[in-house]
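The same chain A turns up in both complexes below, where it pairs with chain B and then with chain C.
Up next, the complex of A and B:
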């Protein structure tokens, strides 16, 4: 009898503990919403720097970028070697301008995935601005300490076929909901890229990542530090920025 | 002018040539060289063109392709989402009608090896059909061709070398050292690998590998087949052949929602009237969200709406999913067509059907077609006309109570090679212009020779005219003389040109080193050995053309002499 009472108590306690844990852990969708609130913007303008470390060599690329929604973006490189090299994404179509050839070259969709100026990032990575919540089903996989910060681990699976990376794993800061780290998986399940937050800044009510590291895991000994400076969020950007005339000027 | 006088005038022309031997020999030599160069260049160009075209047909494309019209319209963009199903039926019908048919799914991607990466054009093929039809499959220099069901790739030999996959054929000392340093190799394996190479400078096997520097080693080509297999196995064991394909799966899909600005700016203006009506029916605007939502529709309506979006170039209808596929390099292709040897990979089609591959689910981008009677050295046959192939397909489908889908059509190999054919015309034109210039320079030499001959013989001409020679006879004599010079020079030129051409046609010149330096692309689809081709029309036509041009070149100097008063000619010093 004594044994039975102990077991019942143990069950009750564990149920209580589980309930308490559930009460503390937000739902996966809620976590995604928090991440989206921090990271998805209407418009952004910034001065960027990419520090590319590839097989013991180091390259620094600087640029000025304007992004509107998820379909329009304009990038102009300012470092001496690539000065006046420009990328335009307009209504989902990508154009590239090289000052050497003085030509505008349309780039077909899949090249959005190719390395941007030899970095670990693709152009898509730099302009991707779609909400995660609308595209993925999320499930909490556990809790871990990441880079000294307690974090929720979320597994994302694409709701529809055709998602760029159909499976992702996210580490979200338990306290401030910073996206600390994510891993991107190809359709076959191979881990293709990983991103790590280095520093975020507060802009009004949101925390926005301004310094991060991206690793393209298919490239050996490679990583890119991506830094955003003088960030202006959600301010109107003139239509004239996202034009081929601006690309060729 | 009777026959006897004509004969006499011709004899005079011959005698004049014999009298001025030095001038005759020099002028003939100039014509000979120009005709020989022309024949040589013409043979070279004809050889390159013929071989290139033959290679394109037998090593790259087949004679024709069955493909969707939309793919063909956008072929420069390589729209891998423009696929079709039921290719097995078309293959069987073509087989019954006397054609080989080989399915392919073509896509681009990046290949990552342990040491680097390269952009590659991947052809996912049915290995059996491909071997039956495409000649490059017989040129797997090292390793073997792919087999059904294996996650494997046969790579262009130059790209495999660049990515340090497969057996290195010309490794630098550090590369060979790195291989030998692998912990997965035994001492005996190391000795075996060493014995397969010879140092490029000393040609001595077992050169001290530690010296490093620029020392290169050359794979011995006379090794027994078993040794090549063992060597390949060892490269496999140390992971040298493990590569990754990074690519994107392009999928056509009707979007669930479209942002208002995209709808208005990108999609709507590109649609025709009925397409606008259709999409207006299938999508509804949510003003609060500023989104057009898909509200539902029949399967036919959805398919038509999707096609309309694709035709309009609406990017939202194509989704791109990242894919990474691990494969093993099993062979290195080194065919006579450089297009197979650089940045090209061949994979088995059957491994790409599901999520581990490209989610093809039975789809292909093209069906390559070739007349069964044609061999690897042949051009196309009349049976390979797209209309004939299409008719054969339609007849076969009718027998099965089916019809050819309207989105499919048969296209001739030339339809895909506009760029190459443009290059060929440009190259051939510029080379011919060069030859013509040389040709005309030589004939201006004739004009000059005749001018001097006439000046030298001004008194003689005056005397003959005083004795009754008519202007016509004067023209005839000197034009015959010039024509004879042309015939003699051209005949010698044809002889010289043919002599030079014999080794050019039989053996050719090996430019493979230069081709490698140029990255494999010189425009012509010829790898390494450039051969000439006999062009009888040029050889036979050279002599009469040279005779006519030479005669015409003599016209103006004779006119000057004919215009001169007879008394002035007689007084000429």
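Up next, the complex of A and C:
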């Protein structure tokens, strides 16, 4: 009889504990929505800097970028070695303007996933702005402390085929919902890239990452610090920015 | 060699003095310089060891005119010795210093004006056509030299009016001076139009040009071209330029066409490109060869890491089985400075059997059995 009472108490306690945990932990979808609210924008304009550190070498690339939604982006490099080199992504097509050849070259689709100007980011990484909630199913994998911040850990699995990284793991700040860190896994299951937040800034009601580190794990001893300055979020950008005419100006 | 001390400098000085008052703080100046030495083993009467040395700078100036336009200028500055000096002399640059030949060449000089609906460009400018990476049969106004793929495309004196009916479409009207620059009657002047569009599956461009009657073509010359680049696993490109030539209407002789594809292996460290060329004997690419029709260009780029790469390219004459394989290694010492080392070994059937005739791309025709080139390139 004593044993039976103990089992009942244990069951009640575990149910109570589970209920309490459920009351504190948001649902995975809610966490994703919070991240999307912070990071997904209608438009963004900024001055960017990529500090590429690769096997004891250091390269600095600066550029001006405009992005609209998830389909349109325009980048113009401003560092002396690449000055006036321009990229346009419009409706899934990528175009490149070289001041050397003075012509617009449509870039082959298979090159979208390749390194952008020798960095750990692909062009796809820099312009990917579709909400995570629409692309992934999420499940809470636990809680951890990441870089001194208590964080929820989320596992994401792609809803559709065609995602460059069909599995992702996210660390989300428990207090302010900053995306602190994520890991991207290739179709083979190999961890391909790691991203870590360095600094975010508050823009109105959102917190937006303005300094981060990306590591392409397929490149040995490499990382790229990505810095955004003079960020302008969700202000209208003229359609003329995202045109091949603008590449040739 | 005859000396022309200072003529180029005066031109450059005048150019700079005109530009800088526009607002020196606005002027953009960029530099691409090369220090290069090559060594080769000559053939025939020029057999034996030869060398060439060259210091080259491409100096580019860009002066914005408020938000309404940009004025561009670019110069090539060259100092050379050995075979490089001989090449300068052969091109008509015959100024000489103590132990070197030198040249200042005007490379670009044009105005780009932005209107709300139209863009206008005029001057010495590049007028590109087509998407072909190696042969460029439609790129007839500024023809490329596939044997020197790294060289910057040349310019033509002309004017272009662009209209952009959509964000990914472009219409253009062209006029370009005749090839005979000093001719005053306008015979050989070229007038044309083109349309270009980009869709989800790829890009296309069509063009038409009329060349005014001249002594070469008393009834004028019509040119029509089409270039397509399409993405489907691989990226395919096809391009053709046909010239309606009343003096010699043979279709095959007036057609230049290329077909090719490129592909990057997963990981992006290897990029492969192959392109075939049919070159009609009177066509836009006829100057490349000596009476042959079929060519192939293959290029493989292997990026060893971010600062070192190997490029193998081979241009082949398919009819006489002559080949021009080149292997190049490049190494970026620091951001903006790249060292390169390349080796070129022309081959033909005569290389392996002296009883065979010399090939178009073989050692006898090119005047060398091998060539090694070392250089350093600075961009700033």
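Note that the second predicted complex is superposed on the first by the 244 of 249 C-alpha atoms of A that agree within 3 Å, B and C clash if a C-alpha of one lies under 4 Å from a C-alpha of the other, contacts with A are read in each partner's own complex, and residues count from 1 in each chain.
The rule we apply is simple: contacts are C-beta pairs under 8 Å (C-beta built on N, C-alpha and C of every residue); 3 or more make two chains touch, one makes a residue touch a chain.
Since the model is a prediction, treat every value here as computed from it, not as a measurement.
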Checklist line | When chain B and chain C are modelled together on chain A, clash or fit | finding: clash
Next item on the list: Determine, under the contact definition given at the top, whether A:228 touches first (chain B), second (chain C), both, or neither.
Entry: neither
Next item on the list: For A:71, select first, second, both or neither according to whether it touches chain B, chain C, the two together, or no partner.
Entry: first
Check: Taking the superposition as given, does A:164 touch the first partner, chain B, the second, chain C, both, or neither?
Finding: first
Note to self: Quick one: is A:138 in contact with chain B, with chain C, with both, or with neither? Answer first, second, both or neither.
What the structure shows: neither
Checklist line | Partner chain(s) touched by A:188 [first = chain B, second = chain C, both, neither] | finding: first
Next item on the list: Go through the superposed model and pick first if A:57 touches only chain B, second if only chain C, both, or neither.
Entry: second
Margin query: Looking at A:239 after the superposition, I want to know if it touches chain B, chain C, both of them or none. Which is it: first, second, both, neither?
Written below: second
Note to self: Comparing chain B against chain C, which has contacts with more of the residues in chain A?
What the structure shows: C
Notebook entry, point to check: Between chain B (first) and chain C (second), which, if any, makes contact with A:93: first, second, both or neither?
Noted result: both
Note to self: For A:80 in the superposed arrangement: first (chain B), second (chain C), both or neither?
What the structure shows: second
Notebook entry, point to check: chain B clashes with which stretch of chain C: 96-104, 312-320 or 330-338?
Noted result: 312-320
Margin query: If I apply the document's touch criterion, which positions on chain A are contacted by chain B in one structure and by chain C in the other?
Written below: 91-93, 108-110, 113-114, 218-219
Checklist line | Contact set on chain A toward chain B in their complex | finding: 69, 71, 91-93, 108-110, 112-114, 160-166, 184, 186-188, 190, 192, 218-220
Next item on the list: Write out the stretch or stretches of chain A touching chain C in their complex.
Entry: 52, 54-55, 57-60, 80-81, 83-84, 90-93, 95, 99-103, 105-106, 108-111, 113-115, 118, 218-219, 222, 239, 242-245, 248-249
Notebook entry, point to check: Which of the residues in chain C come into contact with chain A in the complex?
Noted result: 28, 30, 32, 60, 62, 70, 112, 114, 119, 125-126, 128, 131, 152-153, 162, 164, 167-168, 170, 198-200, 202-203, 229, 231, 233-235, 262-264, 267-268, 305-307, 334-336, 379-380
Note to self: Considering only the defined contacts, which chain B positions touch chain A in the complex?
What the structure shows: 77-78, 108, 110, 112, 114-115, 117, 244, 246-251, 253, 256, 259, 261-262, 265-266, 315-316, 318-326, 355-357, 359
